[in-house]
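Once you've had a glance at the structure underneath, I'll fire off some questions.
A, B, C and D label the chains in the order they appear, each numbered from 1.
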Amino acid sequence: MSSITYLEAIREAQAHALRDDPRVFIYGQDVGAFGGAFKATKNLAKEFPGRVLDSPISEDAMVGLAVGAAIEGMRPIIEMQFADFSTVGFNQIVNQASTLFWRTKVSCPITVRLPFGGTSGSGPFHSQCLEAIYAHYPGLVVLTPATVEDAYSMLLSAVAINDPVIFCEHKLLYYHLKAEKLPSEALPIGKARIAREGRDLTVVTYSAMVHEALVAATELATEGWEIEIVDLRSVKPLDTDTIVASVARTGRLLCVGEAWPWGGVTAEVIARVTSEGYGLLDAPPQRLNAKDTPVPYHPNLWAAHRPTAHSIAAAARNLLRQ
Amino acid sequence: MLQSATHPHAKSPIGAAPDLPLAAYRFMLRARLLDDKFAALYRAGKIHGGVFLGRGQEALSAAIGVSIQETDVFAPLIRDAAGRLAFGETIVDAVRTYLGSALGPMRGRDGNVHRGRPQAGYLPMISHLGAMVSVVNGVLFARRMKGSSGMVGVACLGEGATSTGSFHEALNQAAVEKLPLVLVVANNQYAYSTPNDRQFACADLSAKAAGYGIEAHPVVGNDLSACLEVVGRAVGRARAGHGPQLIVASLLRLCGHGEHDDAGYIVPELKNSPLGRDCLKLAEKFLLAKHFTNTAQIAAWRGEAIREIEDAVAQVQREPTPDPFTEDWSALATEHLVEGYE
Amino acid sequence: MLQSATHPHAKSPIGAAPDLPLAAYRFMLRARLLDDKFAALYRAGKIHGGVFLGRGQEALSAAIGVSIQETDVFAPLIRDAAGRLAFGETIVDAVRTYLGSALGPMRGRDGNVHRGRPQAGYLPMISHLGAMVSVVNGVLFARRMKGSSGMVGVACLGEGATSTGSFHEALNQAAVEKLPLVLVVANNQYAYSTPNDRQFACADLSAKAAGYGIEAHPVVGNDLSACLEVVGRAVGRARAGHGPQLIVASLLRLCGHGEHDDAGYIVPELKNSPLGRDCLKLAEKFLLAKHFTNTAQIAAWRGEAIREIEDAVAQVQREPTPDPFTEDWSALATEHLVEGYE
Amino acid sequence: MSSITYLEAIREAQAHALRDDPRVFIYGQDVGAFGGAFKATKNLAKEFPGRVLDSPISEDAMVGLAVGAAIEGMRPIIEMQFADFSTVGFNQIVNQASTLFWRTKVSCPITVRLPFGGTSGSGPFHSQCLEAIYAHYPGLVVLTPATVEDAYSMLLSAVAINDPVIFCEHKLLYYHLKAEKLPSEALPIGKARIAREGRDLTVVTYSAMVHEALVAATELATEGWEIEIVDLRSVKPLDTDTIVASVARTGRLLCVGEAWPWGGVTAEVIARVTSEGYGLLDAPPQRLNAKDTPVPYHPNLWAAHRPTAHSIAAAARNLLRQ
């Protein structure tokens, strides 16, 4: 394979997991012969007969079934057709899966794949970022890979982890993001990654916003600013150490997320940094999130609703001036 | 919805009997041509996001639209272009939503099939399947509370949506409240790519009605007269106070799930079966055989519709798109509770 | 569950025929006495939180427990003390959970009816009604995937829970997968205070089965022999590969929703109807009439059970309660992913 | 009435709303003749025939019906039997109700009452604090009254507001919290309240935790510390001005919440204060939340799981020493 996309990496990780571990199976709408709405399970039903199964349109029962199978030692992967639809399977995730181990000592190794995040023209119900909703609940691990390599290695880890994992895969990265090859090793889950080094300001972000931040950093570099970018990779657990260490170097913190502004990842990061690394900041920490409305359909509105390289650069400039 | 003197069938010279099928047919035709246009615009890269068509389901959808009235409630789904037009949606509003005009009912905030005017009893779907049914219940419930009677509410779903918890809760709720809900399930044999045998295990979805204590109406969904008769009857039963009615129509979708999908999963057996026959052609044949109309008239209607669609597209393409700078970035009706985040 | 030589019925001198009813009866009796004890402890302020009893529902519940095997799956609900005991739960475990012993299966983390041992196919309910059914599906699905066969899974619900979306999705899922699920609905005429006419509109909940393409088994729920026969048959059908089975038992709860509730809403018509008769007394009468046992034997069993319950309570009251200082405050199985917040 | 409880205030507010406004009705499990699981609608079905109705156990359809009725101009109040069960009506709240106005200009004046929060012996599924979950979504107003007076006046406001309101009423306050009489006027929604004045440290909190904080403040007063307590009242919108003004006076911030620690109200408050009022802090802002596990059943564990007057006082002392 000369190059591989983020989406193909997700498919490959699932193929790998199915190949290596007989306990793995995939269950979701249209994941079987059709290969999934995004083709993330293309050919897998054929390659692994009886282990990649179409479900009815029953998100609650999909997750419930996965929990039951996990009790029996299986490692189900549930594909939600869009993250947005996980709200109808919500109860089984946040009350059934997430409490099982704590209540019974029986672990619940399920992976719920959420194709998430905004893409142009997708509108309020096919664009949502729900990582903060899941991260608030105890008992869940919430992953948000930003690169092809992480999509692959973190999905493999997700399946291997003995806890329910909410795997947030960004639809905007599916086709466009490419890598030369799949990684053979990876940072452990729970470790953030320095996506770009810099000494003037730290941008903490994750998923698709890492790429917006990288573009902003390149732009700011032409103005003489060196921006450090921390890619969280995992929003729960959150790698406070790496964040604080970066802020210790730069003295300035801008948190960027594509989710809605109230609460969420950016608030949590700021709360941690200011509680634990207060003296390190030379200026007030700042946040940049999506606007506090549903995600709009029209590309004009959509582009203004979410942070972009442009708005990140502007926020960074403001902060650098303080 | 059949209304006022401007309605096409009002001009029909053939008398009372053919009115309803002719009216329905004209909505079918307009919907088909509108869908064709959306498909063309999609292929030309002129539409952002998905395009979802009702090809093959127009008879059922139009039958719904002409069987209800302006004062009724209608919650169409993704394959209901015909019903929407029949319920009074203008072609311009449909085009505006697909093209994201700032002047459309959704003002570019929502798109494609997510359109409606709730004030007018025309409910704009959210994507989550099954979720609109209880909203229809609520409208009916409120109207009854306010003393209205004689109205009905129609909610449309695909057979795949019968697997949702929402469908079940709402249908049961309607039954307990004895609401005049008409739930129309278009069983087009597939939910996206998923065939019926992976979706449910009963032989016929009408068998569900008894478990809710409501009445069932199976119908062949590509037969316009059958649809008109059965939908009419079900709507009448609901209107007369006999509680929720479940219509289950068997048909086949003659297109992909969306225009991005070639529907390669639809098996030839079904395509070649009676279900695979195009309801529009069947309706044409029927109307011609009955001498309710003639080919010249149909050609004229087609021409009219195409002109209207082209005009609408041309008009909407000149309309303003939403402007992020003047956009009111607030999700609340109550201004003083809106938070500023910048 | 009938198992091994230590099982009470093994000592029965009367031969094969009375074994099952006698075994079931003894579980009913033990459950009733255990419930009585919980009620007394509750009144004495010895139990934190609610107490939920199965009074009046023991025949159905015990019939389930004795009709399945250790290798089956069981997801009881709040009124299933009898079924739990019959499936192998010890009285000590039940008492431990109610009293919050650190040695109980839930270690004081969860309480009262929220207990089980998932490793043993005995699923601890979460409170959200209907949510356990698809979990049973999952266990059965996984076992089948791993090559097991011949097992069944029983999920218990009240009639109120049939209004949940979870119930519907799970039952349909089981039907599509043709899983050996036995779904037992105890229609005790009320969901908390809500009477059936505010809960559903079909005459008989068994009518739901056809809509899922599964088999239905109505039964009079306070008649032990009827329950044994019908549950036995349904379990047998599921075990033999005939897919999900829906049992609908009609009965009346002879207590409040919880012990805080005096059930003043239960209408006298129902209390005085055949449904209002106490299944335990009816079972006793039946067993005595059949000469399967005698009053002395029953008195002895009662005495034994009371002693066992009193001993359990005495023992558990001496057991350690959970200690917040040594408690592992972590919800994850994966230690290195646990976050510290202090 | 010589004195009135928090629960009675909620009942009275509903009676008042039903009396004054024919558009109001109540729908929920057992709310009719029975008067609700907590008796919050006691006698209302009799007093207002046909307007206080038992629903089936169908949280999704309950909320859906309310939205439909709101479209018709009604002002439904939905009682969830416990906040915890709102997870099965979640989708209708966060995708149907919350988006209606934004999408269509038709407002959605529904009130969803959530009896929430921990009480001893209630366990993981009858104790949850879900305010942060709802506050993260655009289009919802989330209220958390801490006093009898606020329970009354804020519920009246909730019904009057033209947007969906998540009304979080704390079960621990239902019976024990009492007032002499119902208020005739009240702070507007969106305004926080200074529950106690002080100059050494600001505790920002809400709902039942206000009372724990008050006890802690009394204790600390004996040690010579004057603790200011801000009762948020509304967690969305959040009254940043009042918080920042208090922090400006005290220089120290401790945020206390009963919810889980990741994200949520306390993170949001700290993010706002440090972004907008950074220079005002003399010490790192601190948080105190529940532990990151489900809410335990046993009273011993429960008491240790949530913040208490004792742990609040300890955290405040630590912070005062910095």
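What we mean here is this: a residue touches a chain if its C-beta (ideal position, glycine included) is under 8 Å from a C-beta of that chain, and two chains touch if they have at least 3 such contacts.
Note that the structure is predicted; figures quoted are calculated from it, not measured.
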Most distant chain from chain C, judged by the mean position of its C-alpha atoms: B
Computed distance of Cα centres, chain C from chain B, in Å: 45
Gap in Å, rounded to a whole number, between the CA centres of chain D and chain B: 41
Chain A and chain B: spacing of chain centres that average the CA atoms, whole Å: 36
Rounded Å distance, chain A centre to chain D centre (Cα mean): 30
Residue list for chain B, restricted to those that touch at least two other chains: 106, 109-110, 114, 126, 128, 163-166, 169, 172-173, 176, 198-200, 330-331, 338-339
Contacts with two or more other chains, residues of chain D listed in rising order: 55-56, 58, 60, 84, 87-88, 91, 95, 98-99, 102-103, 124-125, 138-139, 236, 238, 262, 291-294
Chain contact topology (line, ring, star, complete or other): complete
Of chain D, residues touching chain C in the complex: 29-30, 32-34, 37, 54-58, 60, 82, 84-85, 87-88, 120-126, 261-262, 289, 291-294, 296-301, 303-305
Residue numbers on chain C that touch chain A, as the complex places them: 105-106, 109-110, 114, 116-119, 123-124, 126-128, 131-143, 145-146, 165-166, 169-170, 172-173, 176, 330-334, 336-339
Footprint of chain C on chain A - complex, ascending: 25, 50-51, 55-56, 58-74, 76, 88, 91-92, 95-96, 98-104, 106-109, 138-139, 141, 161-163, 188-190, 236-238
Chain B residues touching chain A - in the complex, by the definition given at the top: 47-50, 100, 106, 108-112, 114, 126-129, 160-161, 163-166, 191-194, 198-200, 265, 321-325, 327, 329-331, 338-339, 341
Chain D residues within the chain A interface of the complex: 60, 84, 87-88, 90-91, 94-95, 98-99, 102-103, 124-125, 132-133, 135-139, 236, 238, 259-260, 262-268, 270-271, 274-276, 278-279, 281, 283-287, 291-294
